[in-house]
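In the two complexes below, chain A is the common chain; its partner is chain B in one and chain C in the other.
Presenting the complex of A and B:
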């Protein structure tokens, strides 16, 4: 095992949590990510492989799906982002590639994103200050791409929480926007 | 004066406020205007042009007169309408457009000069002599013009922005809006009800008549209470919908904290909302218009509906004795309400000979107000009676009613043109309304309370039916249903000035002058006279101006037409448009993986493509940036340096056609690049001009990693995606950005390999034989951390770029510094990077400047003729490859210590500094500590053939003029021995 200590996107050794009113904003660094893009003409075969890997069909347009271990969300035509706990899947990209073989191009995206978990009531009131997604119409299992504070982000709606991915290098900007918007509301 | 009873104010609570240096008291529920009137203050400002004394004309957002400067310091806010300022304890406001005081204003001299200051005065007077305009006329006019003044201090308050979605947006919470919201809310639709007032109810709060045996305001409060209980209804008071934009999107400003002295901590002063609607119901009501007559602008003269609103809603009368001047039945309602509240009405002056009878006051039917008196406030009016006699009436206020204009502004924002409706003598919404907009209530020309209530319910149900939502219309409450009885009457004929546009001081005479001088189209009338061009967009004035122009031209008003209303409906503060994006939050910041470490080292940062990059790392004792940069360059060339190059764009290119895709994207060949090797690549634009350069590393047969320049990371990715999706959709290629996924460091210098060997795991042989120049590999470092190693060099030294997953970037730089201590490893920033690449003659953004070709850059032969690639054909255009085409060369000053200015142009010795003699230009220049001389690179006509010649680098901007020798751009290690070592 190597001896390089990881740093979170917000520049600390431990993830940060902020509680503002009923909202909790938690940095979640312990997630491995891998993008999967089906190869041309291999779309059906790729989806079969992904279904086997995920334990459920790969999510459709603007959706998220969770299997027993992995989860995934749609990010483009025949392109998905796979997620897994980093501790158990530091090599997620290789695992996914092994499952898909030559039916897909797989790229490690773990370091490319900062992930925040948003929990608490009235989350739509927070989100309406951040992006133009209609949170009232978004159900659990919906995943959308949107722009927050000029940054391309993914917003995934769960039953009681929201997962937010933004570009890692701008984690502080995104975090600042989240905190400011939350204070603006609550 | 405050009436003894009534009004929707909290009489138990007193609020202190200050206006024009004097202290007053008011109550919660007051506006600044109502509180001032309650304190006997009618004079609230001076007019824009003539500096005439002015008071309120209205009781709402259409106010043109009572503009004040609110607050002070960084919060100072000019041109604030006193009629919509919600009173708070400690409020202070100052009059504007007055000097030295509101009561005595020196510029009131303009009023005496009014015969000269007619419409077109500026255009006619300041035409000559032309030389006077810039130096004399304009400065004087600018000092005299304008409304209020802005603070020079930064606004201390935060502003916010957001996005809302709804099935039905209802604009206006008057009777029709409330009824519509009730209908849609009960049907379960997602409803937003927005109203600019702090109290919902619209005119119901200002009227005395009952709705189902309740006071109108009580009925409104009851409906609002039910709406509050509906989770699908969002009530937004203090929110002005200011614009109707494309696809059913509306802009709105919510004044979150304007009613407080200071916003609560963390809370915005205002919020800008973008509202996405499926349908919109405009229930914006109607605005009463005045009648123009001589001296109709004195403080105390206001619209009759405003007078009624002040009495009913705020229990305020501007004077003990008032009069009413009307051409329609609504003026009678005002008189009746005033009398009911105990205010003495001197007379009801009705232009209609057949005016209905009035109780409690004298009715002067068929009469007109022909003049007024009172310097700083109305003292009386002169009335011409039906029999031709004149009569003077003493009064301190006059309510004027010229009829009501449906509030059509928002219907015009997508170029909808309203249509004339004779029944109410006003324009009503017509033509192409903004997408999904329906109009209800008074905004649609339905003026009785019953009609507005019914219209609101009906139109809401109609809107929901369009959306497939079934709505049941609520039972309609009982309400007055009086017909509109009006005999249009626009102005009283007079030789004196009669005001139409109070804010811009446009009079009936000005309209006549415009007509006389041929400016008869409404658009010309507007611009010639400035009618309707003030911040109120002529809400109270446009109609009168059009009617008078129609009268003069002999056309109907319908034929005369209207000008265009545009967003914003009412003025919007610049701060709220910016929202949170101000100061350092203006745009996102990108931090490199080594940022925190670099900050600890005291690095000086520079913003590059939103990244904060270390520019140099000052050390103790270094007093100038040059000292630091020279040291960093020398240390790197002498031993080893390290630089964070994470910011360079990285694009993962995979697929069975990945190699061919790159072959078509780059102008040079990539198809045969072996796995484990990197190649420099140049991308051209479609037009053959150089676009970006970088490297492509082949990690597998079907897998490349492309690097781009920092600034072009996104444009190159976009360009490649366009090519993939649109040009060659039949290729099996997948692209994704990995710029952020890897922390990447350049390790450069003769000891780079020795340092790396301490970090790279022993299983990987990075000797020169095993890992030569332009090799690449996926390796591990620090006992198993996955990494990528590229042997590429921007500095010209033996150099590598080492990448690890971003989360380990901070740890890696610390490890490199620790392991490199024995080699005196030196971190270097972008300045040293720049110096070294100039010394090596490598092109960068300064050279790939959107005007240069591969040929200019000395890379003409890279554009392969054996294959096609983007831009290749057009790069061969004749004009781009002439014999004297610009070529990249190096420059050394004759005196090594003479700075060569970047951007300087190249001239023959003795040649004049004119365009015809221009031989090229300097793109990048620096001091080279390696050569102990200033050096530069740039483009010179036929440059390769002029080696050794002496020219001048001259800058007309800085005045520098330096003799230079033309040399190879490769100053250091031109053979490349170092980087292959």
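Presenting the complex of A and C:
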């Protein structure tokens, strides 16, 4: 048995937190992800299965929805990303696949993304330097994909925080962009 | 340039990539009799109008949907934006 130490996307043993002015940027490594794409002609059946799995209807266009255990956000027409804490759902993709069977194609996305939580006030002032999305107009429960530092990232707006997913292989680039923008604002 | 995405609303053109003439949707049947000339036409022959042009755009840095954008190449006005899926279906295609 190898004695391997897990590393976060930023290459450390502990997730990184940066506090700059009124905002806090925290790396959140403990999330399992799975994408679900409904198959052609199976969209309605798939959404019924996802509703049962999630405990609430699968989110509509550009929306995020949280059930009692899992949460999900819309990433394209009839495509969703499911999220759950990794500790309790290391097999999230298998669970989602079991729920929707042949109505959808499911891909494990856990190792593909780095997740950052942005908290604090004035987050729109930070985000307006980073991407095209109008954060001031984006309500809680909205989820969009856009470009940050040339990287395709998912941005999910919560009541008083923002969740950001970027490509894991470019985690340091994205982190650098966040820190640089935050320092220039605050 | 702003493209008014039918699902997501106005999006910056930076998020899109351009594919070409919307006629590319209408791929000929390669197994049909005499498909050679049809494919020659499909692959090489394009109109290059000064005025309204229907184009395929891909929302690569967004929801990754394909769009048919009707655009005036002289004034850069965008006249309409539709999901390519809806356009293909309206032409009688299954997807």
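Details
One rule holds for everything that comes next: the second predicted complex is superposed on the first by the 182 of 186 C-alpha atoms of A that agree within 3 Å, B and C clash if a C-alpha of one lies under 4 Å from a C-alpha of the other, contacts with A are read in each partner's own complex, and residues count from 1 in each chain.
Everything that follows uses one rule, which is that contacts are C-beta pairs under 8 Å (C-beta built on N, C-alpha and C of every residue); 3 or more make two chains touch, one makes a residue touch a chain.
In this text the structure is predicted, and so the values were computed from the model without any measurement.
The wider contact with chain A, measured as residues touched, comes from B rather than the other of chain B and chain C.
Within the superposed three-chain model, A:40 lies in touch with chain B and with chain C [touch as defined at top].
Legend: residue contacts after superposition of the two complexes on their common chain; A:132 is shown touching both chain B and chain C. Looking at the shared chain after the overlay, A:147 reaches chain C, while chain B stays out of its contact range.
Shared-chain residue A:85: touches no atom of chain B or chain C. Once chain A of one complex is fitted onto chain A of the other, the partner contacts of A:55 are absent, as it touches neither chain B nor chain C. Within the superposed three-chain model, A:7 lies in touch with chain B and out of touch with chain C [touch as defined at top]. Residues 40, 79, 132 of chain A touch chain B in one complex and chain C in the other.
The touching residues of chain C, when paired with chain A in their complex, are 7-8, 11-12, 14-15, 60-65, 83, 85, 94-95.
Touching chain A in their complex are the following residues of chain B: 158, 160-165, 190, 265-268, 271, 274, 276, 580-581, 585, 587-593, 595-596, 610-611, 646, 652, 654-657, 702-703, 730-734, 736-743, 780-785, 804-812, 815. The part of chain A that touches chain B in the complex is made up of residues 1-8, 11, 29, 35, 37, 39-41, 79, 105, 107-113, 128-134, 136-137, 149-151, 167-174, 176-177, 180-181, 183-184. Interface residues of chain A facing chain C in the complex, by the touch rule stated above, are 40, 61-62, 74-77, 79, 132, 144-147, 152.
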